[in-house]
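One chain, subunit A, appears in both complexes that follow, with subunit B as partner in the first and subunit C in the second.
So, the complex of A and B:
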C-alpha cells in the first residue's frame, strides 16, 4: 500500500468503486421507499386539511411548519438519540428512514395542499351536480388533477431527498455517504473517495432530474 | 426540564454563532450568486455553457459531501483548512450556486418584450440589465431567495459534524454533560424554529405580494 498523500491514486478509486456503487444503490432504495411513504402520508394529510372544521387543518399546518422549519439533522438526532430516553429505541436504519419520511412528508403535504387548492372550483361543482359523493369527488376528480399539478414540485422534493439522505450517515445508517466515510477513513484516500462519491451523486441527481423532466412532459401530453 | 432551563444560555450562545455563520455565508453567497448568475447572460457562449454546467454539477452534490470534501479531502492535496473556514467555504459555495440559479431564473422570467424595448430605446446591454431587467427580476427572486436563506439556517447544523461550534454543536456538548438528549435536541429545534419560521412567513408574504401585483 502506498502512503497517504503520495499523489493521486486511481487504484484507490478502483478498489472503492464497487462499495460506493453498492452504497449508491442503497441511497436510491432508501430515497425511493422514503418518498413513496412520504407521498402517501403527505396526500393523506393534505386531504385531511381540506376536511371541514379548523382543528384538522391547524394540526396539519403545525406539523408542516415544525418539520420544515427545523434542521433535518436535529430531527434525525431526536429520533435516534432522543426517543430511546422515552423508551422507544429504533435501529439506525429505522431511525434514519422515519426521520427522512416525516421530513419529506411535511414538504409533500404542502405541495399536495397547494395542488388540491389549484383544482378549479368548477370541477367540484360539476362533480357535485353529477351526484358524486364527497369521497368519490376526491378520488376521481380532485386527487388525479392535484397529482398532475403537484408533479414537478414532488420531483424537486425527491431530488432534495436523495441529497438529504446523506445526513443519515451520521447515525450509522448505511448508504452512499456512509460508505464514502467508511472507505476514506480506512485508506486515507479522502480526496479520491469523496471526489468519486461526488461524481456518483451528480450522476444520480442529474439522471433523476432528466428522468423527471421526461415523465413530466409525458404527463402533460397525456393530460 | 430543569436541565433544559439550565442549558438555555449555552444553547443561545450556540444560536448566536449559527446566526453569525448564516449571515457570513449569506453575504458571500449572495455576492457570488449574483455574479455567477449574471454570467449566464454574457455574450460568450462558452462562458455561459461552462457556468451552467458548473452550477448544475455543484448543486447536485449534497452539502454534507461538500463540507467533507473541503475539510477531509483537500488536505490530501496539501490544502489544510481549519473547521470553521472549511464549513463556511463549503456553505458559501452551496449558497453561491443556488443563488445563481435563483438569479438566472428571475432574469429569464422577464418577458422578451422588455429586452427588445430596452434595446430599441438604445440602451447598452449593461444599461438594459442595470435599469430595466434586473430591477424587475429582483422582485421575482426574493421569494425563492428567502426560501434559500431558511434552508441555509437549517443546514448550518451540518457544520457541527466537523466540530464547528454553533447551535447543534452546543446541543451535543450539553448532552455529553447531561445525557438528556431528548430535551436538549428539542430545545435546539425550538430555537431553530424561532429563527426559521419568521423567514418562511416572510418568503410566503413576498410570494403573495408578487402574485397580487
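So, the complex of A and C:
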C-alpha cells in the first residue's frame, strides 16, 4: 500500500518558493547585520585583551567563556523570554540579533586574538624602535597582519553564523527556517520544503564564501 | 577561475541527485500493514505530546503521563498483554504528521484535531474527544474574547489549528507562532503576546497550574480529536477503532475521563 501523499511534488516547491525566498530575505538581513557588528566587536575585544594589565584580559576571557560555552539557543531564550522579566524587553529582531552577535563575537574574539598573537614580536619591536606609538603600531603593523592571518577562520565563523541564524525561528522571527516549518507543518511536504530550504542555505553560503574570497584577495593585495 | 565557476552546478547537481534518490526510496517503502510490523516487532511506537496537559505531559521524574499516554499503554496491553510494550516518542503539533509519514512512529496519539486537510495525508480513527479553543491571558488582562484582539498580538503554536482559526476569525490580530506550548505560555507571561489561543482543555489545565494566568472566551470552533495512522493503513485504523469502541463499552473511557478531566469537566463538551 502506498500512502496517498507519496511521490515527489514539484508543485509543492513551486507554491512554497516565494514564501521561502521572502524568509531568506530576513535571514540575509539579520545575518549581514550580525556579521558586521560581531566582526567589529570581536576585533575590539581581541585588541582589548592585548592591553597591558590583567583586568582587561580577564574580562575578555570571561566574556568568551560564557558566550562560547553556552548553547546559542539558550542565549536567544534568555534575551527574548528572560530579560523582559528583569524589565528589558527587546523586540524579537533585536533579541535574535543581539544573541547572534554576542555568540559569534565570542568566537571572533578568539580568532582575532590568535591572529594578533601570531604576529612575530620582532615586528612590534621594530615598529616601536622606529618611533611608532603603541596605538600606531597596533593600527599599522599588528592589525593588518593579524587580519590576514585570521581571515580563513573568520570566514568559517561567518558561515556558521548564517546557519545559526535559523535558531531565531524559535522566537517567532519569520526567517527562512521559520517559513520552512510553517509551510511543511501545513502541507506535510516535509522533504520537498526542507530540501528546497537546504538548497537556499547552500546558495546563501556559496554567495557569502565568494564575497569572502574577493575580500581576502583585496586584503592580500593591499599588504 | 573556470574551476570556481564549475563548482556551483556540481554542488546543486549532487543535491538534486540525492533528493531524487531519497524520494524514490520513500515511495517504495511501506509494503505491509503497520499492524503486522508492530506485532512482529513486539512493541508499539507511539507519538505522544509532552507539553500538553492533561493529554500528554511529563512529571518531575521524567515519566510520561496523560490521557493519550494511557491510551498508548492500553493499546500495548491489547496487542501484547503487556502495557509496557510501547515506546513513547515526544512529538509537537508541527512535527507529529512528518514523524508518522517518515516511519519514526507507528501511530499518533497526540491531540490531533480532525480536519479535512489532515484527512488527505493520514487515516483518522473515530473521534475520542471534542475540543473547542480558548484564550489564555494574564490575570489582569481586559481581553474577554477574540473580538478584543484586533491589533493585538496572539500567540499560537506552529502546526496547531488555532493558527488558521485566529487568522480566519480575527484577521486583525497579529499572530506570533512558537514551536511548543511552553514557549507560547512564556510569551504571554513575559508580555510578548496579549493572549495565547489553544485547545480548551489545555488552556483550562494551564490556568490551574499558573496562578498569574486566566482563561477567557467562549470555546470557539469545537472539533473532534482523532488517533492517526499512515494514509491507506485501513487494517490498523480498523483495529484502533475496535479498541476505542471496547474502551467506551467496558467503562475504561469513563475511568480515564474522570482521572484526567475531573476538575475541568464542567467546561468541556463530552462527545
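The working rule: the second predicted complex is superposed on the first by the 199 of 223 C-alpha atoms of A that agree within 3 Å, B and C clash if a C-alpha of one lies under 4 Å from a C-alpha of the other, contacts with A are read in each partner's own complex, and residues count from 1 in each chain.
Please note the rule applied: contacts are C-beta pairs under 8 Å (C-beta built on N, C-alpha and C of every residue); 3 or more make two chains touch, one makes a residue touch a chain.
Note that the structure is predicted; figures quoted are calculated from it, not measured.
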Touch test for A:190: subunit B only (first), subunit C only (second), both, or neither? both
Considering only touches as defined above, state whether A:198 meets subunit B (first), subunit C (second), both or neither. both
In the overlay, work out which of subunit B or subunit C sits against more residues of subunit A. B
After superposition on the shared chain, which partner residues are touched by A:166: those of subunit B (first), subunit C (second), both, or neither? first
Taking the superposition as given, does A:144 touch the first partner, subunit B, the second, subunit C, both, or neither? neither
Check whether A:25 is in contact with subunit B, with subunit C, with both or with neither, and answer first, second, both or neither. neither
Regarding the shared-chain residue A:182, is it in contact with subunit B (first), subunit C (second), both, or neither? second
Given the touch rule stated above, what does A:89 touch, subunit B (first), subunit C (second), both, or neither? second
From the superposed pair, tell me which subunit A residues show up as contacts to subunit B and also as contacts to subunit C. 4-5, 81, 85, 169-170, 181, 184, 188, 190-191, 195, 198, 202, 206
Counting only contacts in the complex, subunit C reaches subunit A at residues 8, 11-12, 15, 19-20, 22-23, 26-27, 30-31, 33, 93-95, 97-98, 101-102, 117, 120-121, 158-159, 176-179, 183, 186-187, 190-192, 230-233
Which subunit B residues qualify as touching subunit A in the complex? 56-57, 60-65, 68-69, 72-78, 150, 154-155, 157-158, 160-161, 168, 171, 175, 180-182, 185-186, 188-189, 192-193, 196-197, 200
Can you check the complex and tell me which residues of subunit A touch subunit C? 1-8, 80-81, 84-85, 89, 92, 169-172, 178, 181-182, 184-186, 188, 190-191, 195, 198-199, 202, 206
For subunit A, which residues count as touching subunit B in their complex? 4-5, 65-66, 68-75, 77-78, 81-83, 85-86, 163-164, 166-167, 169-170, 177, 180-181, 184, 188-195, 197-198, 201-202, 204-206
